[in-house]
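Next come two complexes, and both contain subunit A; in the first it sits with subunit B, in the second with subunit C.
And now, the complex of A and B:
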């Protein structure tokens, strides 16, 4: 009894350090950010107090959020962010599943090739990848030159929404495929065999056995890539249109280019709320699966 | 422009040598922690030219260069100064080269630079110093100029109306980079906005900041929006100064605004084809200076100010211009004749950009009204 108490205490002490570090480095600044976005301008923090167009108030006010959300410019940014997040997650799932299925069920050589290729994006820094996309798919890039030779016209998608989605899908694929693949590996072979023996086609096996049994990894991939895409910065900063922008880019612009830290912090809070909503969906989904599973 | 790494605060050692630079007498060996940042050419200028040169004139002053690529650590340096001020301690930053010196100065973290400390300050055009509220010393500059492909364009525009005319007659062949990602795009935007302002108010926009005056930009913004339909890909703007240079190099556009120093360096390295030529409009595009400030809490203020004064001497200014293909911090007339002749094409003054806070507001207006507003003729 005494021993288990001591072990618990040691465990708590060990856990306390990272928790304390997180509290100081993440929770406190986030709290100060929240207060700032509600109109409390901290006089002793020049990074905040030297901003332009500050809303200063001694009682909490939603003025900053009102101004932001009523701007058609910010509305367009949020619409773009949600659209890109939705399409990117769907594409990640679609492509990730296809690759994972190829690895698990594909013919020997193809499966092996995919298995070694799909991890590549993980080892290429996103910035390099984004520039590679520009060189390859950009206007007067390689693809353009190639198509020009065979007489096909080309309009580069790279500085439009498709450019952002392409870049984000590419960079998120390894993680998604890895996770979906490990879920597929855990599927009981017998069930698939039994279904095959009783004459079920691949699609019905996929729909009735594989997808339902692999629901948890699927939800993990959807939630984690959703949150990561929502707050992404590098890919949308380098690819995509001048405007509208993903919120990650807009946030940085408010902070740096427009010198409006209050707007940046408020955008961060909005992004946090959206990410929390995805997280809540995920928790709800997981708890449902557990109950039914 | 910034950096972060902590440098040893090795000052101390009392050498009773006497040195005098710019009238300042220092009696002991000191180390000045110089936080700076920028591209590798700036790093090279400091590390391989200016700092070794200064060691010869002031042997007991050691300059410890704390470098940050592209100024990525500016905010960290700012936070370091702010934290030290709050804690009542010495930040360890003596000199800081950054676009943020004014912001830091307004927060009481940078010292005002006066002609009583830096006598050569009188050679600097006063409006440039006013632009940063006297919290920084401009030791080098550059100006935005128009670059054009001389194979395609025989007689380049020489004034703003001529340029507008050219853009409209040659749709898709001109662009500038987004104003927040590079000064060359920003200078084009400001020049157009300036053309829509009452002439007697321009000085106010350069040296003061009144948020309510922003509405005066509407006329210029309308002109920009109108031009946008005739720009590269119906109004696509590359990111960064390099973006415009690359479009010029690949032949996507025939004309664009560029920094003179960058374009000259690119031409020298064959990163731009030799048919690309530079021309300055009349009145000129704005230029900008790189500002160097002295931390308010620096225990070595006198030595730091002496260093600043030395930077503005003619020989040093000549080195800066030659190395950077740029503009001097002082007025061109204080530059050695030889250097002035070498850069005769661009050795003119540049106009001054708007006050920094207007600059920030302009970035936002540009994204809202130019990039973020759909265009009927657009894709």
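And now, the complex of A and C:
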């Protein structure tokens, strides 16, 4: 009996540290942020009370959200964020799948080459990659100069939606390909061969066998890339337009340039809600795919 | 004309010949078993016929036409794999109907053919289930149905029962046999299980290190193994090493006149089936070392006066000591090829 108490106590102590860290670093700030965005402004905390355009209320109010969401600038920011997220996730899946399929089913040397190359972006800091994109594809960049030499006009994708999407696809691709590739590696060769034996060509096999069987990694990639893109800052700040902006950049400006921490926190809460919705979609999808074991 | 012809078929991996100059024919309606130990090239051969592997040399012809340029999806073959390969996200019905759907058959025809084939494999009530809800044996029967529903000219089976327990394997083997008799489909069946090959096949092709050792009917393979390897691999066999000396073969307790084709000084191997050894009034003396009761027969380990051990299968009494006679002895020369079979009359002259 004594032993079981001791074991339980050791277990609790071991679990207490990560739980406490999560509480201090995630739950408490999130809860405080939510309260702040609902009008509770602690007067004795200058981080909260010295901001401008503060909405103060003794009871919870949605005034901050109402003001933010009625602003055409914030609406445009949210539209841009959702558009970029959608296109980026689709492109990540498309390119990631192409690379993962090449690695898994491609001819020996090509597959091996792709396997050793696709991880490279993981080791390049995003800031460096963003400046490389500007140098290569920006107005008066390398590609512009090259096309100019051969007399072809060029419109740079940098400082627009395509620029952000390019940068985000670059930075998310290694993780996505790695995950999709692991899923494809786990796929038994015989499952694909049985489909070929039944008369299926490559596209039928991809659509009806490989994608459904690799649905869990696909959903993980889609959900986690989506959540990451939604709150991204560096790439949109360096490669995106001045206006509208992605919410990550807008949050920073509300916080730093406009000195409106309450607006920044409310934007963070909206972003959190969107990310939670993606998370919920992911959990629902996973539970559906696992139903048939 | 044979349905399938393999001529000078070759396959190498890293300069190592996995299949070496293989020649064989399969007749319409025939069940051919490729039998051999792991790594002998039987699965590689099957995968080349299915189109999953491209041979390095030789040809694969069906009805006289080469299949080499056809990808697997265009070949008139159906394959059942060793591992359960049903697609887990599809119901049994959708698994079986998959190939028919790809061929854009009318819905009514698909319904009918799926129903018929599920009845054929004895699982008509499983159509709505998912693979995870089926036992291993049921999954393999559905895999068989999925291959059969497309009515292939040739059914290829790659150790389909290897993952099943012994009892179920035996039942599935019998079911496949009766199904083949009903449908009359041509089959190539890969196995390393001799009993499976002996029960199922019209002919057995025994392979070793990429070469064909012998191709013959099961009785022939069992009773007259063409090589020492086949003798040792198929069934249980007593093997005794000996030598040709002064016109006699001397091996263990045996001394007998040299069969034609063997030279003086040549090493030989005698092969005797355990069921061909019996206690008798004459023969050579043995001492019984161990007896194992296997239900319908007993397995006795016998020690000869030279110290060698022999196995004997018998349903009768086994004395602790006695004389044993062999009713049939196979003689293999130094090349490993069958040099002669000593039947009862020849063995009567054997002087122990």
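One rule holds in what follows: the second predicted complex is superposed on the first by the 280 of 293 C-alpha atoms of A that agree within 3 Å, B and C clash if a C-alpha of one lies under 4 Å from a C-alpha of the other, contacts with A are read in each partner's own complex, and residues count from 1 in each chain.
Keep this in mind: a contact is a pair of C-beta atoms (placed from the backbone, for glycine too) under 8 Å apart; a residue touches a chain by one contact, two chains touch by 3 or more.
Every value quoted in this text rests on a predicted model; they were computed, and no experiment measured them.
K.L.:
For A:193, using the defined touch cut-off, is the partner it touches subunit B, subunit C, both, or neither? Pick first, second, both or neither.
P.N.:
A:193 contacts subunit C only, not subunit B.
K.L.:
With the two complexes superposed on chain A, say which partner A:275 touches: subunit B (first), subunit C (second), both, or neither.
P.N.:
Neither partner.
K.L.:
After lining up the shared chain so the two structures overlap, which partner does A:54 touch, if you call subunit B first and subunit C second: first, second, both or neither?
P.N.:
Once the two structures are laid over each other on A, A:54 reaches no partner at all.
K.L.:
So in the superposed three-chain picture, is A:258 touching just subunit B, just subunit C, both, or none of them (first/second/both/neither)?
P.N.:
first
K.L.:
Please work out whether A:244 is in contact with subunit B alone, subunit C alone, both, or neither, and reply first, second, both or neither.
P.N.:
First partner only, subunit B.
K.L.:
Between subunit B (first) and subunit C (second), which does A:44 come into contact with in this model arrangement: first, second, both, or neither?
P.N.:
Only subunit B is touched by A:44; subunit C is not.
K.L.:
If you tally the residues of subunit A touched by each partner, is the higher count for subunit B or for subunit C?
P.N.:
More residues of subunit A are touched by B.
K.L.:
Give me the intersection of subunit A's contacts with subunit B and its contacts with subunit C, in residue numbers.
P.N.:
Touching subunit B in the first complex and subunit C in the second, no residue of subunit A appears in both lists.
K.L.:
Using the touch rule from the top, collect the residues of subunit B that touch subunit A in their complex.
P.N.:
Result: residues 75, 78-79, 82, 86, 103-104, 106-107, 109, 178, 180, 211, 233, 235-237, 239, 250-252, 356-357, 360-361, 363-364, 367-368, 371-372 of subunit B touch subunit A.
K.L.:
With touch defined as at the start, can you tell me which subunit A residues reach subunit B in the complex?
P.N.:
44-47, 49-50, 52-53, 71-73, 76, 139-140, 159, 237-238, 241-245, 253, 256-260
K.L.:
Using the touch rule from the top, collect the residues of subunit C that touch subunit A in their complex.
P.N.:
Residues in contact with subunit A: 50-52, 71-74, 77-79, 81-83, 85, 87-89, 98-99, 102-103, 130, 132, 143, 146-147, 150.
K.L.:
Across the complex, what residues on subunit A touch subunit C?
P.N.:
The contact residues of subunit A facing subunit C are 188, 190-191, 193-201, 204, 208-209, 212-213, 215, 289, 292-293.
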